[in-house]
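Input: structures, listed below.
Each of the two complexes below includes chain A, the first together with chain B, the second together with chain C.
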Partner chain A sequence: MEEKRIGVYVCWCGTNIAMMVDVKDVAKEMESLPDVVLARNYKYMCSDPGQDMIIKDIKEHNLNRIVVAACSPRLHELTFRTALDNAGLNPYMLQMANIREQDSWVHTDRTEATDKAKSLVAAAIRRVVHHKPLQKRTVDVHADTLIIGGGVSGMAAALEISDAGKRVLLIEKNENIGGTAAKLNLSFPYMNDANGAIHNLIKKVEESDQITIYSKSEVKEIHGYIGNFKGVVKGQDEKETHLEFGNVIVATGLKSIDAGKIKNYGYWKYPQVITSLEFESLTKQGKIVNEEGKVPDNIAIIHCAGSRNDNYNNYCSRTCCMSALKYANQVRDMLPDSNIFELYADMRAFGKGCEELYTSTSRRGVMFLMFDQRNELPVIKKDEEGDGLVIEFNEKLSGEDIQVPADLVILMVGMEAHDDAKKVSHLAGISMCGNGFFIEKHPKLDPVATTTDGVYVVGCCQAPKDIPDSISQAQAAVARVLATISKGSVEIEVTTAEINKDICCGCQFCISVCPYGANSFDAENNVSVVNEVLCKGCGTCATACPSGAIVTKHFTDEQILSQIEGLMAKVLELEEVETD
Partner chain B sequence: MNTRVNPNLAKELNKYGKGNWNECFHCGNCTAICPLSEDGFLFPRKSIRAIQMGLDKKFEASVDPWLCYYCGDCSETCPRDANPGELMMAMRRYLTTKYDMTGLSRKFYTSAIWEYAFIAIIALLVVVSFLVFLPLRPDAASMVNESGGVMINSLIAGVSPDRFVTLIEYGDWLMAFIVAGLLISNILNMFYKTILSDKSIRISVSTYITEFWHLIYNFVTQASFSKCEKKSYWIGHLLLMTGYTIMFIVVVVFLPYFQVEEVYPFWHWQRALGYYATFGIIFFLGMVTYQRLRKTQINMKFSHASDWVFIIMLALTTISGIILHIFRLSGMVEASYYTYIIHLAILVPMIVIEVPFSKWSHLAYRPFAIYISKLKLAV
Partner chain C sequence: MNKNPTIVAFLCNWCSYTGADLAGTSRMKYTSDVRVIRVMCSGRIGPTFVLKAFREGADGVLICGCHPGDCHYHEGNYKCLRRFHLIQKYISQMGMDKGRIRLEWISASEGKEFAELVNEFSETIKKLGNSKVKEMMEELV
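On to the complex of A and B.
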């Protein structure tokens, strides 16, 4: 058995740790523990001089295991693993002890915090003894990309990939691609011709040699892992096509909230009440008329239909406020003498050019009336004095109970996730938030990737957003896809589960608990097998296995139990000192 | 019953001033900065909202616009350059037309031609009456007293000095009754709109009596105006108001003691009061004329035709009075006679048009608005 030669490095983190923990004392005491060759403390271990110190020690003192007592491993484990790698040591021969987030930041007694640091570091020392070198693994990447959804996000992503000379398999549920954006006439805030722009995009996608469109089709199955997915697509004639691809971009888009759900608005009762998308098609036809073909004098636009309200959806759909202003401008252009009322809850004009749109619209004789989402929503009823409708509510800025005449009411319906979002989430192995939108890997730092490598979410299936945001997201995802394609191979997780075939009894319990579908059954040998490419090393199967046949690499029972022993040994020792 | 909104009210108000109703997005900075805005009478924002939404009844029931003296702090603070101060000005003009039941006020405010025409007609009536009924006597040139001053009451053919003063006094009282009658009917209408029409407001007779001192106190001292940050307007306005009031009382009530044949010594009360009044009027008129022309002060930047008519008529009255005074002292008989006619031809239409129908009506509406606000607070 090789000799264990451990180096211990205690970080001050400036004053973050050193203020509450006596780092010198911790290092000094660790030196006396078995297998520890040296223990040092330093102001910033993560700095270049700190890392160089570790590398130099590894080389000079022949260290083969390293313990770094510093911040959370989430922050700097990769930094120190790279340092080990640079020193010629396997990166997995490292163990970190978190003496900042779990110690110095949360305690107020310096002596106790120092004792706790000693326990945590001692535990890490005991654990690192059992570390084994693990080898990085790579797989080749298939150069085709599957895009689910042919809306503006899916089309933007498809064109970007095809421009790079790579193939795209574009799956569209409907007969034509274009999605919700193809139903729009103009776009806010600059009143550009969205209809023309989107149809240009559709034409380009249809003409591209690199893009294969599967219209009236749905994805039935997706298997595999980043670089090597296999899928089944079912077409309109129930024909199933088997496809292979290296990455998946989910761009399934949105649906409007069912306006009929909002009982105060009487969407099914009054023909004069229409949704925003219905109004888009009116403006496309070039004339604003109500159901009876009459040109309306009083047009009311109600914001937040089904949005930001405890009884419907709590979230903001982000585009409706500005679309509503767009409508006010369109109505003013087409019917200069009409009365326009905007019933809003809060005016959200956060995008480029949007506050300016609000200002310019407010100068065009539009009456802005504010309702309070905490009160009852405005009520639409028949006008007792005329043949139109009236909208009654308490206006927030005046405090008055008012009545707004209307012979056309446009409901700014909010966005919702598709009903089959759950199905898609299972297919692609991604998560959904409570509202049915797909969850990105990190809300700030990794907004287009998902927890499944090789699967990206773009556009409104991730959250409500406007066209430029959807396209930005699509192009960002494409950058990630093309990076893996151009590299040709991807690194995959090494801390995977491993099944000891001699112990496995073939009960298949591990297969049922695996959230990634990484375990399968080898019937010939009556044992479970792990697909190491799919396995994320979550440890669920290892915990569940009744015969203890499964271990998760780098998280073996031996390693974890030794860590606990180290922790307890130090605690007991410290208690003894106290009782003396 | 919910109140129906009226998108046309703001358009109607556009005829009364240069403000921009569309600009206001209700941040409330104007109300926060205003030293006169207080609980129960929060303005300008709430008044602006009522106009934007076309809440006619609610707006006409409020006295808020009259509680503002237009210092302009709100307009300076407004992040959207909506000019709330100017909007309040437009609201006061609009309310003036609403209190007036003849419809003339609306005509005068929305059409300068109407106002000029009415002024011209009344002026012409004055001139014609004098030339026809009170012509200059042939030997008028001899009507000069010992000190060389013109004997102003002795210039008319076939009319004794006492009779002349009495005739002018009758004219004064007739004008005063007509103007007061119209103004009082407007004030009653204001009372009806702000208090009586609202059945929920019940005010006891004793409250009407105990709160009445506010009306007198604020009329005389303009104390409310003094709460504005810019004190110079209050002082100037007080000079103008006291000067004019003194002159009005002297001319209407004490004419026989004022319009006399002899020239009193410089420090005689009759001359002293006249000089004080002249100074007060000229001082404030000069100040606002200069500022309205310079347009550097935000509250003087926008001038409605009715503002200029008021300033010009008052200035011409005062200047013609000064000239008449100089002609009299210099013994210039014919010049005095014709200047006297011109003086009255400006003064009479000014009072008849301005006091009940136009800008000058604020002399009554402001103190009454304060009285009404105190009544509402006392409930």
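On to the complex of A and C.
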């Protein structure tokens, strides 16, 4: 039998782990475990010197198994697998112990956290003994890309792919592409012609030979895996179209919060109260008038309508503050003698040119008044004396209860995820956060990919953002898509199920539990067989198999049971030391 | 209870393990009694793993998967649920308190819920006291 030679690497992660876990003690204690050749600790295992250390050790000490105790495997498993690969060791001979996200960051007692780390690493060591080399499978990549949503993000992505000479299937549920951005007049902070720019984009998309637009259509089904997806799109007249594509970009965009939800603002009661998007169309018509056709003297702009408030959405919609300043400038340009009031909770002027816009706006006779989100929101009432409205609230900076007259009120309505986000998340196999926005693979290091390979999220369906951020994200996703297309093939996970024909009793339980139809029955030999292309490696069939004939590669019974053994043995050993 | 309980938690990779990671990235604090074993899907978790954890000395076993309808593999969590009822019945018949195992759905965004769940389950196990399964098994052997 092959001699097991394990190298153990305990990461400090700067102070992230080392502050709560005695990393040196953990490494030292692992040295005495069976099959462990060496155990080291290092400041940043994921850094180049850290990886080089592992590679050097593998070569010099003939290590054939590696345990890295560091952050979550969801973050750096691939990094360390690549290091193993570079050292000539099969990448699957690695096991990680999560001693950061699930240890040092969540516990407060150093001894307890260190003991927990020891047991997690001991478990990983016992597990890695049973790891087997696996060969990655390479599959061809279909060169077409499905883009769901024809807003500014979807269009930007589509054009970028089309410029590279590749085909795009662009699905839009409305009659026309353009999305929310097409409703805008000018863009902040430079007051550029957003309307013209977006319509130019729409024209280019419509004219591209590479882009097929499916308008008034919805995606009904998506099956398959990176490089090899199949989908069904239902269009007008219930007509279904079957499509094939290699990658998916989800760009389903946003909807505005229903302004009527905010009782204090009386959106349905007073015609003088309008939303930001309604104001955009007013300025597009070139005339600022209220519902009665009257030119307003007093214009109030209320920030954070439905945002950053525990009663509505607790997040910031990121674009409303700057749009509100844009409106103040537009009003000042069109109605030079009007009174303009900006009612804000906090002014968020981050981003290029934005603080400058705030400064220049404040010099144009705009009255800035602050309200406190923790108190009751400003209340809009009918003016008892005149025919306009008054806004009553406690002005935070002066501490005074004040009244602001208004005959036009613009509510800066926040962004929300679409009501059907859940449906899309199921279709594409991606996750949603509590607010209904799609979750990226990693919030810092991989903000456009998702946990499903070949599926990307861009624009406001991922989180509220402005036009340049949406376009940047779209183009970033396209870079990833084009990389797979230009390579022509991708490596896919091989942790599929495998059936031992000698043990299989032919009961076919595995066939009934498989959600992908990957298992079938070989009547001639009276056994079940796995189609590895269809199998996604969930392992349900292995658990259902009464005779134990099915092995889920890399998550075998032997591996998991050993992990439990290693874990509990260390826990009990440490308890004994404590009680002695 | 003479020692802190040890809880072995089996978490699915896509929702619950990510949720537990989120508790970490959000720096939420919870008891160190829990130790997580990652599987790809809660549908991979069966009696073998749960009984093994008790056999090796665990005082409680926690199983977490994606919420119904949200399983990365469509329906693995439903299969897990059925098996969970079976395991509960089985350990009760063996004379164990069925409160020693628990199944909950934790999504990728529910870091807070995971932290609260672990603390709450740890309290439950403390009330039940240390499991004697390992000792009893060793006596039998």
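One rule holds for everything that comes next: the second predicted complex is superposed on the first by the 375 of 580 C-alpha atoms of A that agree within 3 Å, B and C clash if a C-alpha of one lies under 4 Å from a C-alpha of the other, contacts with A are read in each partner's own complex, and residues count from 1 in each chain.
We take it that a contact is a pair of C-beta atoms (placed from the backbone, for glycine too) under 8 Å apart; a residue touches a chain by one contact, two chains touch by 3 or more.
Fair warning: this is a prediction, and the values are worked out from it, not measured in the lab.
By the touch criterion defined above, A:G88 reaches neither chain B nor chain C.
Judged by the touch definition given at the top, the superposed model places A:L369 against chain B, while chain C stays out of reach. In the superposition on chain A, A:L397 makes contact with chain B only, not with chain C. When the shared chain is aligned, chain C comes close enough to touch A:A113, but chain B does not. Between chain B and chain C, more residues of chain A are touched by C. Of the two partner chains placed by superposition, A:P34 touches none, neither chain B nor chain C. Of the two partner chains placed by superposition, only chain C is touched by A:S72; chain B is not.
In the superposition on chain A, no contact is made by A:P336 with either chain B or chain C. Within the superposed three-chain model, A:G293 lies out of touch with both chain B and chain C [touch as defined at top].
In the superposition on chain A, A:P546 contacts neither chain B nor chain C. Interface residues of chain B, counted against chain A in their complex, comprise 2-5, 7, 11, 20, 22-23, 25-26, 46, 49-50, 52-55, 58, 80.
Residue ranges of chain C in contact with chain A, taken from their complex: 3, 6, 8, 13-15, 17-18, 20-21, 23-25, 27-30, 32, 35-41, 43-46, 48-49, 52-53, 56-58, 69-70, 72-76, 79, 83, 107-110, 115.
Partner chain B is touched in their complex by these residues of chain A: 339, 341, 359, 362-369, 390, 392, 395, 397-398, 400-405. Taken together, the chain A residues at the contact with chain C in this complex read 72-74, 98, 100-103, 105-109, 112-113, 115-116, 119-120, 123, 425-426, 429, 431-434, 439, 443, 451, 495, 513, 515-516, 536-540, 542-544, 552, 555, 557, 560-561, 563-565, 567-569, 571-572, 575, 579.
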